[in-house]
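The structure is given below, and queries will be raised subsequently.
Letters A, B, C and D mark the chains in the order given here, with residues in each chain numbered from 1 onward.
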Amino acid sequence: MNATILLIACPDQPGLIYKITQVIFKHNLNIISNGEFVERNFNYFFMRTEFSGDVDVALFTQELKAFLSDEAFIKISPRKKRDIAILATKEYHCLSDLLVRHAFNDLDANIKCVISNHQNLEDLTNKFNIPFHYVPAEGLERTEHEVALLKIIENYNPEFLVLAKYMRILSPTFIGKFNNRIINIHHSFLPAFVGANPYNQAYERGVKIIGATAHFVNDNLDEGPIIAQSVIPVAHSHSAKEMAQAGRDVEKIVLARSLKLVLSDSVFVYKNRTIIFD
Amino acid sequence: MNATILLIACPDQPGLIYKITQVIFKHNLNIISNGEFVERNFNYFFMRTEFSGDVDVALFTQELKAFLSDEAFIKISPRKKRDIAILATKEYHCLSDLLVRHAFNDLDANIKCVISNHQNLEDLTNKFNIPFHYVPAEGLERTEHEVALLKIIENYNPEFLVLAKYMRILSPTFIGKFNNRIINIHHSFLPAFVGANPYNQAYERGVKIIGATAHFVNDNLDEGPIIAQSVIPVAHSHSAKEMAQAGRDVEKIVLARSLKLVLSDSVFVYKNRTIIFD
Amino acid sequence: MNATILLIACPDQPGLIYKITQVIFKHNLNIISNGEFVERNFNYFFMRTEFSGDVDVALFTQELKAFLSDEAFIKISPRKKRDIAILATKEYHCLSDLLVRHAFNDLDANIKCVISNHQNLEDLTNKFNIPFHYVPAEGLERTEHEVALLKIIENYNPEFLVLAKYMRILSPTFIGKFNNRIINIHHSFLPAFVGANPYNQAYERGVKIIGATAHFVNDNLDEGPIIAQSVIPVAHSHSAKEMAQAGRDVEKIVLARSLKLVLSDSVFVYKNRTIIFD
Amino acid sequence: MNATILLIACPDQPGLIYKITQVIFKHNLNIISNGEFVERNFNYFFMRTEFSGDVDVALFTQELKAFLSDEAFIKISPRKKRDIAILATKEYHCLSDLLVRHAFNDLDANIKCVISNHQNLEDLTNKFNIPFHYVPAEGLERTEHEVALLKIIENYNPEFLVLAKYMRILSPTFIGKFNNRIINIHHSFLPAFVGANPYNQAYERGVKIIGATAHFVNDNLDEGPIIAQSVIPVAHSHSAKEMAQAGRDVEKIVLARSLKLVLSDSVFVYKNRTIIFD
């Protein structure tokens, strides 16, 4: 099916849905699914429409712009697999989950490559015939390491970068090149336990629930817009290590769920929050 | 704010959203929130719109009918508290939860009366100045008892009946008078453990999770359209009685949540399933 | 049934369970339930035993002390309802939940009184024939207000204080009088969103899950040992106010669950964490 | 560490914990963790103790038998990886999850082989260097097929069989050879939706929550003792196919969690229920 996804975000005004669906109707496109949301605190309008039919994108966009505010965000893209690059460090569980889904055609993405600052995931990646790039960080300045990363990444021109337990901090310069296009899985129920060793922190605080958070990465570590979260109960009898083991299952599921949303263009980012059409 | 809720359900056709929002726009009404859904298995369209502004209901309806299929369901009602009657038996937890929310203005309903086939909840109901009617069932045929119930209920003319742990089976004749207007809380995660003593059944089956289900009541016991469900984990160490105690907290929360949806006209029923705009 | 609860916490050593159960066996007591836990990080042993039968507490304790370390914590108490005092401010949902459970004999406590710095919950409390004390805080130093509170509390000599949405900070002096005997319900999934307005914080951070935490109160606000936590999913469409409404159901359930544990002497506190025998 | 797991199940009697731990103490064994449970409905006692130290199993058993009832179940086994065989059909997600955990040494098992009645999982299995056996069922009587399966299985002498989405029904004769040693993952929240196509059933019933159940397999399909269950929320907008997709993540996590319990000898079966020491 030849489906197209239309995203619009703009200041709210009366008649927006009417005017937008009028354009869709006139172009003889068939709406498959449709959702709108108005963020009342800011009177901001969001709409995601998936339709089938051949669309003249230039004309279509022109007709929308005729009545939308100048600051309106408009994105029109075909429903198709997106190209992604995965960055990992040493932990296997998120990477393997994505590789297997990809191998069985259950990921709306083409995994173009896996990059890691360690070598232990090379064998796993090779099993699935995905290019693996070892980019060690030891002895390098952050900038130098990122230059090496970028050189590889740019070769593949991915739409999204997926940090599948990539444990190094990325610089604002690096992040700036992929605005709202880097997805990270953080091993805690953010904003609890930001930073390193969240499971140790969770153990010491004696929490009864732990979780994981998938989010876009922006300048401030662990503070980007949250896409998906999930939790599991724990008890006093769990050591920090056992919490980490239990947490890994949550991490991989939350990362996969967030990718399903992002790869289907179902996520808007607005004022450090996500608007999600699920 | 003078808000109105519009519900439309009809066979899907191209341009429906456009045509409906055109009518809303022409009437100069301001959409507060809007949702649509197409049930693809049956190509059936559902839309719930909440708007503010004065509406000429007759004209508005006429304009909608001009393009909607003859079988279209259209409901236009003001956003306001709905009148309800509560039926209970002996257990207090769901009834008390509703009475307290009502007393503090947190229930979108006027509780017109409480009716029970036992007397032990009379004192509780009286505390909150709600009329309590004791309608014993002992020694009566089902029909006789229901005639007695109806006589009281009709006095209050409630829009919805809420079965807050009402433990008697209602006849199809009785139910037929309140089509999709009776909400029941069932003490299990339906369709598991239909019928009586679900916690005993759950104990004997050794389940690790129990739950509660709020649903509309139709002809077949425990088989009406499900509105809301929730669960909690249990363990081998829970007796059937302890499961029941733990389950009560889930029951009252699920019932309250389902009422929030029903009382705000957010629930469609179609082919024994609910379509919910939340 | 004449049941007794024995709590022991002490440094671990070989044979502890054997030696303790030997004393129980020799005293001809019948174990109803038994649990042990060793905190491996500190090699500390915890045991909770519930037994039936008449026990000579002095002799029993003496025989335990014969082999337990001097620093051992030993508590022997009958299984019975505990006296509690409830402190509230303006919100009704936690208080009403406890009052109703109490009225129907489903709380293992005698509610001796309700104290609030506002008057709006007086009517609710009166409905359930519990003494209500209005102790306004306005215009008073914290110390003065706490002196007024203590004067009332001491009259009732409660074993536990329950902060049922009591919104004022208590001084270390006050707290020191009730070591591990004050239970608070915090309206967030601690340690996320400590302090005031957690739902506003949650909204602004764009979290996808919110929660509530019941914990003992110690010197540092919101940092006492956690007893119970629970969460519910939220979405971008929830305003901070709607999050607060949804959160209230979680708060009251989590508070009730934590009281069930505390009132049955099932909770040890060790190094700011709880060890719970459930 | 040289750890041993002791399981005892027998009719309850006074002093059991004392007498059992006395034997452990006399043998100079160091208890690592200990749990007991009495099923009050049947006055049946269960105990799982993990201890370190060298144990003379024959003498140890003899001393236990001296005071335990003749019907007592006693199992003493070293803490070590157990041998398992995996049966699958066509779906990859549970098998791949186990293969990856195994490859990274996170499964307390040696996967001796994978057997399937289809060939599409052969390539996946080969990636992880595990023997794959294709045993087609087409054109064979159930008995013939099972004879073929058994011939392969017996070669590997596995302690447990894991049905990782194995979609064929096993005969009582086959099952009888592996009493409480076959673990199945069922794609529903049992006892809801037993049998085939549970996601279609769930869609048609309009449930708001779906789940998965790991259980031992006994004579009656889908009615064996439940080991672990988990659920996720769904909505009217999910098709049966989307429910199945979402359900797969729950299935693989629940199967892995149940194996963690079974492979550590933490699960007793009694009267079709499990007693779990977690």
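Brief remarks on what is shown
Here, a contact is a pair of C-beta atoms (placed from the backbone, for glycine too) under 8 Å apart; a residue touches a chain by one contact, two chains touch by 3 or more.
Here the structure is a predicted model, which means the values were calculated and not measured.
Matched by residue number, over half of the contacts between the chains of C-D recur in the interface of A-B, chosen from A-C, A-B or B-C.
Superposition on CA atoms relates chain B and chain C by a rotation of 180 degrees, given as a multiple of 5. Between the CA-based centres of chain A and chain B the separation comes to 37 Å, rounded to the whole angstrom. A separation of 40 Å divides the Cα centre of chain B from that of chain D.
Counting only residues that touch two or more partner chains, chain B has 237. Those residues of chain C lying in contact with chain B across their complex are 92-93, 96-97, 100, 103-104, 106, 124, 127-128, 237, 245, 249, 253, 256-257, 278. Residues 37, 39-41, 189-193, 204-209, 211, 225-231, 235-237, 239, 272-276 of chain A are the ones touching chain C in the complex. The residues of chain A lying in touch with chain B in their complex are 14-15, 17-18, 21-22, 24-25, 30-36, 38, 233.
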